[in-house]
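Structure below; questions to follow.
Note that the chains are named A, B and C in the order they appear, and that numbering of residues resets to 1 at the start of each chain.
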């Protein structure tokens, strides 16, 4: 993979989409649990999920790097099955997922909480299993929140820097995202390239916001 | 005042009380205080030096630690910094070009050495420059080779050894020494190149090769006073950095001290 | 064996619901002041809530028995529930709403019913909603919503149908128009019902038996004529 700005852009967008694809189902499950169920240890789950939002991103990156080290349990497991994460594109996705998850869960949870429980209850009395209720009632009614969450998560993933550079390394041509490239160019005085990356990043951000606006207008009435 | 209004003002009042309680606790002291920009690799030892300075009756000092390239840029852009302690002569030149430094105040105080680090438990006992090109060394962590001083020096040394071409594809560019240490400690980088002083900071890495003094590129730590209202105090501080007491602290941290 | 046996005890904060009743009525009326626990009782019967202890048997099937660890989840109870404003799914058409429960019924495990599966046409005709089927749910009047809600509940072939004040908030003329449909549920489709209402007239017209729920306790007042007007 060559290191032109377009290659970096394509890589960043691809990773962003992939991370949103991975994070959304996970976030939906967690958000629904937090919105509808009471269980022991719920505050712990809430805290852990919110942590990447509160910690400095670099700190989260260091935590991830430690957890994936050769002597850590998770790292050992991954080595055993031959999966390499640190300093590969998988680490980029991981960093993006971890950093956008709190935002996703927060948005989705609010969306689920706003759905009148009676719809789900009535659906159950009509014979729908919990899974069928989820698919046919909950998700359609939460449609708007789901779309907003996905867009927000995607935007957050695109801009992710601190954790990414620690656990993915920002290796040009391999794991360098637009955000990392921008910082690197500024730091080494490559101003022309930095400007180019800046324009591309702005364009992407504008596209994401435009998409959100279009979708909102199309939704119209609930 | 109506009940509703009161209900809304209560949380606001609570926040104000919290702010009032926290304000005196913050360590932010009001000026005048000496602002000293130090390279990241100097942050730890300078903490101790400042403590000694204060014990000797010196005034308040605020340490501003970051990469030398960041600090130089701050000075060029007019940041209210009084003393600049860089890890890189090139960055000191950048700062000097802005015209903000006191004439003739640049002094090289410390030297450092490059070392090759490996994971403490898993790494090989010794790793020479040529070994870095071997297939079993898959990734080498070093500072960004065109901006971070440690990275710049590392690249210069590897080029001088004739192995840069073989190592470049394996480089994981990091922003700070801490990041390089963390990568090697986690075993995800097989080797790293950092300053000798940084290697002391982590028990999870081991030095596998010390770049000999003769081969070390000129890693010099120049210090200079910036032309501000506190320049006189700044000069006194720089003088203290050259005292015997400060020297002991620097050497304990692994730096070499240039005798004037 | 009675058609409906319900002995439950539910505590929520300072409110305790303690009910013990048995009934063979086709329509069991449930009256009482607001806050007396009528909705909670319906939720318990539907399986949307669980009591600390209790036993619920509907048409010979044990739905709940805390003493023996039996607790059939709501979606398997075949107990229909029509909440106060119908709660029609806003993102579906009328037809999709009405057919929602019908799909789940045709799988294995459904207990045998003496009558045939009601066809959509018959139900739509009986409740006079045929013209509404393609409409989105948001374009219905109050009375139309109630009829659609009833149709939806009926299509799921419930063993027991719970109606939570289905005619409150409906004007008198409408009420008189809908009552025949409710009677059809009772007489033509033979669906046992628990019918919650404030209105003594409605209960007089529909219920065979009435229970009074006050402060969480039931005073079975037996025949409907004994309700204070």
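By definition in this document, contacts are C-beta pairs under 8 Å (C-beta built on N, C-alpha and C of every residue); 3 or more make two chains touch, one makes a residue touch a chain.
As the structure is a computational prediction, the values presented were derived from the model and not from experiment.
Farthest from chain A in terms of Cα centroid separation is C. Averaging Cα coordinates per chain and for the whole protein, the chain whose average falls nearest the overall one is A. For this pair, chain B with chain C, the centres built from the Cα atoms lie 73 Å apart. Centres computed as Cα averages put chain A at a distance of 33 Å from chain B.
We define each chain's centre as the mean of its Cα atoms; on that basis chain A and chain C are separated by 44 Å.
Shown for chain C are the residues that touch two or more other chains, of which there are none.
On the chain B side of its complex with chain A, the touching residues are 67, 69-70, 119, 121-122, 139, 141, 144, 146-148, 171-175, 179, 182-183, 185-189. Residues 43, 46-48, 73-83, 87, 89-91, 100-101, 104-105, 138, 152-153, 156, 158 of chain C touch chain A in their complex. Residue ranges on chain A touching chain C, taken from their complex, read 116, 118-119, 121-130, 132-133, 136-137, 140-141, 143, 221-222. Those residues of chain A whose C-beta lies close enough to touch chain B in the complex are 62, 65-66, 68-72, 75, 86-87, 165-166, 169-172, 184, 187-189.
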